[in-house]
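There are two complexes below, and they share chain A, which is joined by chain B in the first and by chain C in the second.
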Partner chain A sequence: MNLPIFVCPFDPTLLRRFTGAAVVVRVDRPARVADAVAAAEDSGNALFCVILDSACPLDQIEFGDDLKDTPLAVRAPSLGKFRNLVRHLDRLKRLDLRVHLPCDRAGNITGLRILSSVGLRGCAVIGNGKTDWEALADLMTYAVLEPVPHASIEPFATIAARYDPQACLDWGGVQFEDPSRFLHMDRQGRIALSRRELEESKFIAQDLSELSGQAQHPAVRERLDAGRRMFAENHPCASCAGWKVCLGKFAATAAEDRGCEALFAEMIAAALQRQAAKSCDPEPKPWPP
Partner chain B sequence: MANILLTTRCNRSCPYCFAKSEMAGAAPDSRMSWENLIYVADFLERSGRQRVSLLGGEPTLHPDCVDFILHLLHRRFRVRVFTNGVLSPERLEEFRAHLASADVEQLNFVCNLNDPEQTPAPAEELDRVREFLAVMGPWTVAGFNIYRPDFSLDFIFDAVNRFGMKRRLRAGIAHPVPGQSAGFIRPEQLREILDRLFSFRPQFDAFRVQLSFDCGFPICKVTDEQLGWLRRSGGEAHFGCGPAMDIAPDMSVYYCFPLAGYRRRSLFEFDSVQQVEEHFAALRKQLASEVPGIYAECDGCRQREDGVCAGGGLCRAVNRLVREAPIRLSEIEDELAHLRLPV
Partner chain C sequence: MATVIFKPTEACNSRCVYCDVVRKKPRAPATMPLETLELFFRRINEYLIEHDRRQMEVLWHGGEPLLLGPDYFRRAAEFQNRRCPATRGRIRHSIQSNLTLFSKDFAAPLKELGIRDIGSSYEPIENLRGGGPGLDSAAYNRKFMEALRLLEEEGFDWGIVYVVTKLSLAQPMKIFHFLTNLSPKGVLRFNPVVLNGERCAELKITPEEYADFLGAIFPHWWRRRNEYPSVEPFRSLTASLLEGSRRLVCNDSGQCATNHINLLADGSLSLCGRAADWGLLDSGTIFEKSFSQVLADPQRDLLMRRNAVLQETECKGCRFWDICHGGCPVDACLTRGSFLHKSQWCLDKKEFIEKYFEPTVRAASVPTREPARRAVASRLPKEGEETDFSAGPVWISPIGGLGDTLMILGVLKQVHDRNPSGRFHLVARTKYRPFFEGHPAIAAIGHPPPGARFISTDYWNHPSFRQPGMRAYQVLARIFGLPTPAEERLYLPWECPDQPLLMKRIPWKDRNVLLCPGSDSPRKRMSIEKWESLAGLLEKDGLGVVQAGRATERCVRGTYSLLGLTSVREMVGLLRRFDVVVTTDNFAMHAAHVWKRPAVVLWGPTDPRVYGYSEQAHLQAQRPCENAWGCIGPAGSADYHADCPKGRERCMDTFDVAAVHRAVRELLGNTDSLSGVNLRS
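Take a look at the complex of A and B:
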């Protein structure tokens, strides 16, 4: 099979177990980013980007200037205090950085808007808990339609740029959650379809060798086809106006909470509006490249 | 320049306050949100405006005041904060830690000072103002609202000198809220007020403090000699009238505090500052056609027709209508209520 990009923890021994693949390396502190870059190179794998899983708010993370050539996704619990962050902003803007904030946490939807307004790219991590869909829709409108220059906010920027009324769009890749592009690996080399399944030890393969020789692993194919089952089951998502850009990602809560439908229906309208105006604007730079 | 009202709360109760009625009508402790602040900043930026003033209530009572200021500074806005200087020790420490290295050309404060003898305040409040000035003095212009004719400025010269404040005094007169009875300077008192103000010329010269006028002064009450001194000493004479363009936490926008009830709209109805200005210019034009100024002589005055003088300020002119032609005023208010936005 064509190897997807492997999202794996920083472990030089693990990285040396395979070669010629594209990897996303997860680290838990900024001091390890440079080591992760070196380890990926030494192993003969191509570094796609580094994920920094930080327990600290963004304002408390110390980044060095040596990271400026490394694509970096920072998963932080929150923005922290703007007054502290502002001291690092110029340095942060020199990095190839995107900040992922969980939107089930109070203040993070606002935090993403603040980051964007000062030129830092962000990503709304949606659906891990209670979600304020209305606030997310406001953020989406800002991300897609505000004419004053600001940094992109995912997944809205990707949807706005790539939405095609004739096709479905899976934007899970912006959060490394698209099994056709990203698979997740643990320290033993076991492979899962998503980060959550990795944490729950739900593996599809015990080793990389189990993936080779197949055009696409059956579990991947099944996951990609999972949306179709919703039509057979007459799930509420099957009649959702936002289906084409959601693909049932929030199916577990969609039955009792239709907020996601409003968000993604608005998202489609905003994407069309943005595309109609696109001829006057430059194409947004996709990230990761 | 747009004024963003960060909060409707205030921790002082000045006898001349012309924002009080507007603040009392708002929800208690109504606060500007981050989302709205960013919206206003974007709105100004896309209108080509990079200057903003932060007001209240008392803007420093907003818990995110420091963060808002830093955000606007980072976006290269020039920021002016109108404060009474009564900051809690915690808030003052935030200012010291995060704002005391800001570029004095990009950030400044106007601290409205009250004469401690004429407008007595608790000792703790006065201490806090002094503590604020001790930290932020170099960023701060003294502001003084005149609401009685026997005022003194000695305490201001003292503060400017002691705390290394900017050598400028922004002098305003207490304005009327049309139809309401808060203390304000009446048109017939203006000559006396101005003479009193200019009687401090020796102190202005000795302390090298420049005098600048806030809105509401009519040019006809300033003598040529006074005007000449003002220009020579580097002061600013301003005889126009807004619009101030005040943006409240609920995103309503109005001409200024005293005229908050006239043709008030939501900022979301406009696409640019220019549209807001056109909207309020129409208000000014309509009201000025009914009552040219605060004096009968304003009608036909060349300075007013040439746009040099606003006839003593729109709120004062409307207040004249309230007293002299209340029936006509209510007709005007009806007409204003039916006017459509030119957007």
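Take a look at the complex of A and C:
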């Protein structure tokens, strides 16, 4: 099979157990990023990016200048205080950085907008807990349609750029959650389809060797077919106006809260509007100008 | 093209409640023997040799054709190769299947027959389709979804027929989203359930109900028709009504007698599947008759005569004749006892077009035997006749540019002043909302229910707009029932305080000129080089030169750019702070008139006599084109968004920059500087 990209914890021993793969290495503090890059190179694997899982807000993370060539995804609980962050802005802008903030926390949706407006790329982590869908829809509108130059906000930027009315779009990859592209590995080398399943020890393989020799692991195929099962079962998500860019990602909560439908239906309209505008007018100015 | 509806088996593994096939007494044999199959291809060859320019479509139907198994299709391909060596390039195969038996084994033989697209059908509502006496729709649905995956892996496209029943009527959009979410690459077609007699009375629908079902979906489809291009009957109606296409399905063509043949497993021939189901128009068998003989069957003359009879009787004067022809003759015969009547399903088409299609789509494009524009005119109040609000809300469907919107605001204010109790509803559209919010003539902004009454603001389609010298404002006044000539007063339903940040940011000089080169129509834009030359001349004069417009417009070098930094409301407010505005026929031209600010307006394809204001300096370009009205004047709105085909000879590039500069200087000479008024600090 074509090997997917493995999202694995920073562990040089683990990385040396395989070679020739693309890897995303997770670290828990910035000081380890450089070590993770070196370990990936030493192991003969190609580094896709480093994920920094930070327990502290973005404003309190100390990034060194040596990270500027490393693709970095920072998962932080919040933005922190802007007055602190603004002191590091120049340094942050020199990094190849995307900031992932969970959107179940008050203020993080605003935080993503602030980051975008100052030129820092962001990613809204949606669906872990209570979600203010209306606020997210506002953020989406800003991300996709605001003409004033700003940095991209995922997953909206990906959806707006790649939405094709004739097909469905899985944007889970922007959060490393697309089993056709990313598989998650623990320190023992066991493999799960998603980060959550990794944390819940729901593995599809005990070792990388179990994946080889198959065009596509049955569990991966089954996960990719999960959408069609929702049609066969007549799940409410199957008749949702936003299905093509959601694919039932929030099916567990959709029965009580249809806010996701409003968001993704509006997302489709915004994507079409943007694509139409781009076909008529020249590209807006890039950031930074 | 001749079409053979080919039913090599009438057996089916599904028990759809509304289907006649499975309830009929099976014929013998149930599956067409291979000898008959081979004869079928001999007959095709014979027909195509007799008609050397024709093609033949073979539509594999049933029953369920995949019950035949992959080998049957392989044999069909062999027979075709053997019996039609010189004509097989003119044979087109297609297939209609429920897909639940599809496996990868079918892929190669179907492809050998040239089939790349499979028509299917699906029903999300439980227990209407399914296998076995209990109609196990859950198992059926799982198999169907699995088949879709296999089809896509094997490179087949597929489409869906959805049968609208009584149970569908409560959830049209849900069903539409469900089916389009499956992302069929082929056609998605909504057909009404057709049940004759008393069977399944609980599923029967009337033509009106079918029209309402379609009508609930159509506005969404129309807005997003590029996203869902292949939804029927919307696509074909749009093509017929707006594009003049005459590619009609068999029901509507009035020509089925000349090109349709039905062939059953026992070799019997008739007009079509439904005619065969009901024992109508039996044409003998394939064993004794060629296809040419079947198509020349004298029984079919009656169907051709039907076209002439209906035009003099039930369909006389019907403006939809050309796209309907009285509908399916078999329907007519089953319900009225004779082919020489129209089908009851004509009603659904007429109802759908008049109730939903025309109000949604620009009615002017609908073919009519009545004088053009009748549909538009009938919705509108007559001149001087106030809008009737007693029958419920009247919705304004705003279309047009932002400058047009400023005119509409003015007209509405006058309407409201004459009748303060009558207030309109506005169809919510992002572009227009900031203009209309707070307007005294607007009661609400939202989404109209089906059947709502509309006034559309497309004044350029109004017949009076073609009258020489007729101004756009006056046509809008007529549309809203004001007596004309009406005083042309623009109106802003909002306050315009200065934006301190914006005012401080602009590097004001003693005198300042605002350049607004943008337009939605590329034909109304002057080249950026000319604007830059003008900016250079103005700067040499010591003037402050600022450009405003949308973020996506091209920046004029030498100006202070506010592109993308103002909302439309801020732009209107800002404009009054400039000594002169230089603009094309656009929003800024109208906005300058709001404040009576001096403006130099550059006119190319449009006419200042139609849109301009008397206090402005109008410079009209020489038009190289033959249309005296200008290419996007009355009757030319279709070209509004297309660029000028004249290239470098386009009228907007014939302006002499020095003349524009002189016009600005002249206006400045007549204007006191605003710098002393301390408005900009």
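Quick notes on this one:
Assume the second predicted complex is superposed on the first by the 278 of 289 C-alpha atoms of A that agree within 3 Å, B and C clash if a C-alpha of one lies under 4 Å from a C-alpha of the other, contacts with A are read in each partner's own complex, and residues count from 1 in each chain.
Here, a residue touches a chain if its C-beta (ideal position, glycine included) is under 8 Å from a C-beta of that chain, and two chains touch if they have at least 3 such contacts.
Remember, predicted model here, so these are calculated numbers, not experimental data.
When both complexes are superposed on chain A, chain B and chain C occupy overlapping space and clash.
In the superposition on chain A, A:Ala55 makes contact with neither chain B nor chain C.
Contacts of A:Ala241 after superposition on the shared chain: chain C is touched, whereas chain B is not. Look at A:Val148: by the touch rule set out above, it reaches both chain B and chain C.
Put chain B and chain C next to each other and count what each touches on chain A; the higher total goes to C. Two complexes overlaid on chain A leave one chain B stretch from 43-51, 61-69 or 97-105 clashing with chain C, and it is 43-51. Residues 147-148 of chain A lie in contact with chain B in one complex and with chain C in the other. Chain C meets chain A in the complex at residues 124, 126, 138, 141-142, 144-146, 148-149, 171, 173-175, 177-178, 181-183, 185, 224, 226-228, 550-554, 564-565, 641. For chain A in complex with chain B, the touching residues are 81-83, 86, 89, 110, 113-114, 117-118, 138, 142, 146-148, 150. For chain A in complex with chain C, the touching residues are 147-148, 165-168, 225, 228-229, 231-234, 238-241, 243-244, 268, 272, 277, 280-282, 284-285.
Contact residues on chain B toward chain A in their complex (touch as defined above): 33-35, 38, 41-42, 45-46, 64, 66-67, 70-71, 74-75, 94, 97-98.
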